[in-house]
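As structure tokens, here come the structures.
Same chain, two partners: chain A is paired with chain B first, then with chain C.
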Partner chain A sequence: MSQQYPAILVIVPLLSAFAISIAGWVNKRLCFPIIVTALSVVVYASIGLLLTVLEKGVVIYHLGGWPPPVGIAYYVDHLNGLVLVVVASVALLNVIAAKKSIEQEFPDKAAPFYTLYILMVTGLLGIVVTGDAFNLYVLLEIAALTGYGLLAMGEERAQLSSLNYLYMGTIGACFYLLGVGYLYIVTGSLNMMDIARLLPPLYQSKAVLAAFIICMVGVWLKMAFFPLHSWLPNAYTHATSAASSLIAPLVTKVMVYVMIRLILTIFTPEFAFATMALNNVVVWLAVIAIVMGAILALAERNLKKMLTFIIVAEVGYMVGGAWLGNRAGMTGAILHIVNDALMTLCVFLVVGNIVYKVKGYAFEDLQGLFRKMPFTMGAFVVGAMSIIGVPPTCGFFSKWYLILGALQAGHYGFVAALIFSSLVSVVLFFRIFEICYYEPFSDHHGHDHPPEPMDEAPLLMVVPLLIVAVILILVGLYTGDIVNHIIKFAIPEGLV
Partner chain B sequence: MSELIPTIIAKYNYWIYITLMMIGLYAMIAKNNLVKKIVGMNIFQTAIILYYVSIGVKKGATIPISTGGHGAAHEAVHAADYLNPLPHVLMLTAIVVGVATLGVALALCLRIYSRYNTLEEDEILAQIRKK
Partner chain C sequence: MKIIGLIITIITGAFLVYAAIDFPAWSDPNSPASTYLSPYFIENSMKDTSVPNYVTSLLADYRGFDTMFETTVIFTAGLVCFILLRISGGKEPETSHYRHVLTGVTVTLKKGHKIPESEDFERIDDLWTPPDLIIKTSCRLMIPFIQLFGLYVIAHGHSSPGGGFQGGVILGASIILLAISHDLRTALEKMREKVVAILCPIGVSIYAGTGTLCLLLGVNFLDYSALASVLHVDPIAARSHGIFMVEIGVGIAVMTTMIWIYNNISSAGKYNQGL
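This part shows the complex of A and B:
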């Protein structure tokens, strides 16, 4: 059984997508238990896989028994073992938290929603688990196509925003495919390990250079790296809260994983950082991404849209960290994939709860929320502290590694951008705290003991949110273990 | 100049795919109508499909079907005699992906049309701004 974990990760959600769409015709109430069971199996398998990797080292799974390079191999090492656990658990926690808001916002479409949801998780898990460059493209498109559908099930402008995302996402995926084509021309292989083995004598080839740059541009488009970010804020803002709290934490982070996989495994750091000598340019791009993301977030008067611009800045953190070209920076980038997925989930679940109760997420709608929804707002404070980077929460530690890497690389612009963005986050979040905490309701009567108008979201929404908030602190406390036992082995030894 | 033309002709498949790709990209950027943008997107995808198909071609090679049947499977096969089938097989998948993307895009267009009664991007944006 445990040898089959890599296949289970993709097969179980894929088949349960069929089961859910059939169950939707029979009885809509069956959909939710099926999706929770499937995702629990996936979480179990991903944790089992990570433990196997920690114990025995890299797991290579030959799909259908065909050995690579002919067959598709699933390749799991410390890097994607960790990302798999994050993707699976975020998907599970989010679907539980989203049940009530799905019932409220589109009760008739629950079955199609769950089907798309689990197909999207299939795509994301597949992207992370696969060891085949072309297979990655197919799964990328599965995740993207279902994502367009999920994002389009939103408010009035959602379809237009989703269509814009579709244009950009398709160009991004096509660029990636084109880059893989160039790699195939020079190496004749699609298996990542095989390509990595065949590439070193070809590092001077212009086709390899073209392949690398085209793949990178494609992946940057998909992850909304600053100049290519224009699709993200609208698409995520106009979607329903259930969809955006799945897509916002995972899609950009999985794409950052793909970028790191391309750099570390396929092209190797020697090529990416030494032969190319591009890292300085990319880190400066990341600096611009961070600064612009922070400034654009500051200009918003709408909680959800503000958070989407924070994602744009966070993508800058991870790209910059990965491209610093040293061990600390890469550690920071990988750790930030985990942390950012969790803290984005946390704040987007908060938005989901607020939308469920208040039916809005503009700043005016947030007044008096601390009194009304104390647990939700408590989790929001933890999430916000993590995004700002306050020590016990996990956001601090990845920022610490990123700054350490930037100092080692002598890239003071990146240090300045990180600090600037943290300061802007302080302003952003304390402005919201102030609105939620201090501004009273207009119907204030002035009694000594006014009846507590607490109106918290349902337990099913609050409990997952509180779990996420606790995880944020736990991951922060156990950062040392994560770095020393997992991330240390994810980075090749050549990178110092 | 006299050296340039043979280089272009020798690699004409690359020039064709780049030209097609740029036509597609131009349509996606410059056209105002959402369906025209989708057509541009499809041209863009098709360019890459053509590029993949063209890299499988070899001079003087035939279609990759083994004539000996099952019994002759262990006979030596000269790879140079056959076209490379792998890029073509990959593109079957890419075509499916392209069709699915087109379907989703057109479905979104339908929803947009039923809401705004137009597919011209500037008119839609004007309607949004009015609200």
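This part shows the complex of A and C:
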């Protein structure tokens, strides 16, 4: 059984998507149990796979029994083994937490929503697990198409924002495909390992250079790296909470994974950092992304939109870290994929709970929330601390590695940007704490408003959120183990 | 803004063309793409899978996993159309029109009024035009042949151009032709919404299910050779049969998705009247 884990990871959610789709026409109550069971199996398989990788090294799975390069192969090493666990657990926790709000927002379309949801998870898992450059594109299509659908099902303006995302996302996917096409023309292969083996004699070729650059621009578009970020804030803000709390933590992070996979495996760090000599430019772009993301977040008077600009800044962290071109920076970037997925999930689940109870997420709607929803706001504090980077939450440790990498590379601009954005995050979140804790102000005549009674979100929404908050601290406490036992082996020996 | 866009487009295009200088020459028989993997597929398709059309064996067997997800993409497209457009339990229209079949008199009913059940009246669209005998009759004659041809294309993908995608589109087009030449209601009577919406995931599950069956029989996902023990043939013929099974699944999925998307878009999600 255990050698089938890579297939199970993708097949179980795929088949259950069809089962949910059919169940929607037969008995709607079956949909939720099916999706939770399927995602639990996925979590189990992903953890099993990671343990197998830790024990025996890289797992390669030949689909259809054809060895690569003839057929398609799944290739699981420490890097994607870790990301798979993150994707699977975020998807499971989020679907449990989102059940109530899905039922509230789409009473009659819950089944197609769940179908799209689990198809999107299938797409993301497939992107992460695959060792084939073209197979990655096919799964990218699934993740993108379901993403457009999920994001378009929101409030009035969601469809326009989603259309915007569709244009940008399609261009990004096309760029990636074009890059793969260029690679195929010069190597004749689509398997990542095989391309990496065939490429070194071709490093001077202009076609390989172009393939690398357009693949990079494609994934940057998809992850909303700064000048290409314009689609993200509106698309994520206008979506329903269930959709945005799945897509915001995972899609950008999975695309960062794809970027790291392109750099580390297909093109190898020697080519990306030594032959190209582009890394300084990209790190400066990341600096701009971080600073602009932070400033734009500061300008927002709306919690959800503010968080989307924080995502833009966080993408800058990861791209910058990966492009610093040294071991510490890359460690920080990979660790930040894990941490940022979890903390984004945490804060977006909080937004989901607030929307469920208060029906709004503008700053004025947040008044008095500490008294009204103490557990939700407690988790929010943990998530916010993690985004700011306060130990022992996990956000601190990835920032630590990123700063270490920047110092090693002598890139002080990046250090300054990291510190600047942390300080801005302090302002951002403490402003919200203040509103939630002190407002509405009592008037001067001593007529105190009676304190609002506690009105917490349902248990099904609060428990997953609290679990995420605890995980944020646990991941922070066990960072050393994650780095020494997993991420250390994910980065090739050559990168120092 | 337009000028900036133009400049970026020109720079990107120039860069891509510049990079193309290092490509192998046009139709170069010694290029990596034609020497590395293609010869393997051309020479071994028959030996490995007993399918003479190596495009089919490449799509449905060697890289069958990609094709499964391409089918899923089609299903997703249909589902997204449904979820965004379908208005369930939509409001009753302000007026509805009925036509007395024998006399050709059109009756317009206001909201809330009903006509007694009778054979003599038929419901017609707002923009109804008198039926054209030539169009109706010729379409009615053509549709069975179109469907027969669709089935042929699906079944004959092994040895001639064709397969599930093409055949499925042809089958879907036959039902859409019925909807265009008659009206949406007639087509919906032949293929109800629920049937379409359930057949579509079933089609893709036939593909994924064939792969899972292989997995349950103890080999890797989509390794059709395991079907030999179920079908009582040798493993190579089993690959050929496996390809045929997934082609049927693709055909069903593509056909129903075509109809699903057409129904949702042409009636703007209301399913009361089409184009």
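The rule is simple: the second predicted complex is superposed on the first by the 484 of 496 C-alpha atoms of A that agree within 3 Å, B and C clash if a C-alpha of one lies under 4 Å from a C-alpha of the other, contacts with A are read in each partner's own complex, and residues count from 1 in each chain.
Note that in this section contacts are C-beta pairs under 8 Å (C-beta built on N, C-alpha and C of every residue); 3 or more make two chains touch, one makes a residue touch a chain.
Note that this is a predicted model, so its numbers are computed, not measured.
When the two complexes are overlaid on their common chain A, residue A:Y148 makes contact with chain B and with chain C alike.
By the touch criterion stated above, A:I72 is placed in contact with chain C alone, chain B being left untouched. When both complexes are overlaid on chain A, the residue A:V138 reaches chain B and chain C alike. Contacts of A:E156 after superposition: chain B is touched, whereas chain C is not reached.
By the touch criterion stated above, A:I171 is placed in contact with chain B alone, chain C being left untouched.
Legend: residue contacts after superposition of the two complexes on their common chain; A:Y184 is shown touching both chain B and chain C. Once chain A of one complex is fitted onto chain A of the other, the partner contacts of A:S245 are absent, as it touches neither chain B nor chain C. Within the superposed three-chain model, A:S46 lies out of touch with both chain B and chain C [touch as defined at top]. Across the superposed pair, chain B and chain C both touch chain A at residues 134, 138, 141, 145, 148-149, 152, 159, 178, 184-185.
Residues 4, 7, 11, 14-15, 17-19, 21-22, 25, 61-66, 69-72, 108-109, 112-113, 115-116, 119, 122, 126, 134-135, 138-139, 141-142, 145-146, 148-149, 152-153, 159, 178, 182, 184-189, 198, 205-211, 213-214 of chain A are the ones that touch chain C when the two sit in their complex. Looking at the complex, you find that chain B touches chain A at residues 25, 28, 34, 37, 41, 44-45, 48, 51-52, 55, 86-87, 90, 93-94, 97, 100-101, 104-105, 108-109, 111-112, 115, 124, 128.
Residues of chain C touching chain A in their complex: 15-16, 18-24, 31-38, 40-41, 61-66, 69-70, 72-73, 75-77, 79-80, 82-84, 86, 88-89, 194, 197-198, 200-202, 204-205, 208-209, 211-212, 215, 219-225.
Against chain B, in their complex, chain A makes its touches with residues 134, 137-138, 141, 145, 148-149, 152, 156-157, 159-160, 162-163, 166-167, 170-171, 173-174, 177-178, 181, 184-185, 190.
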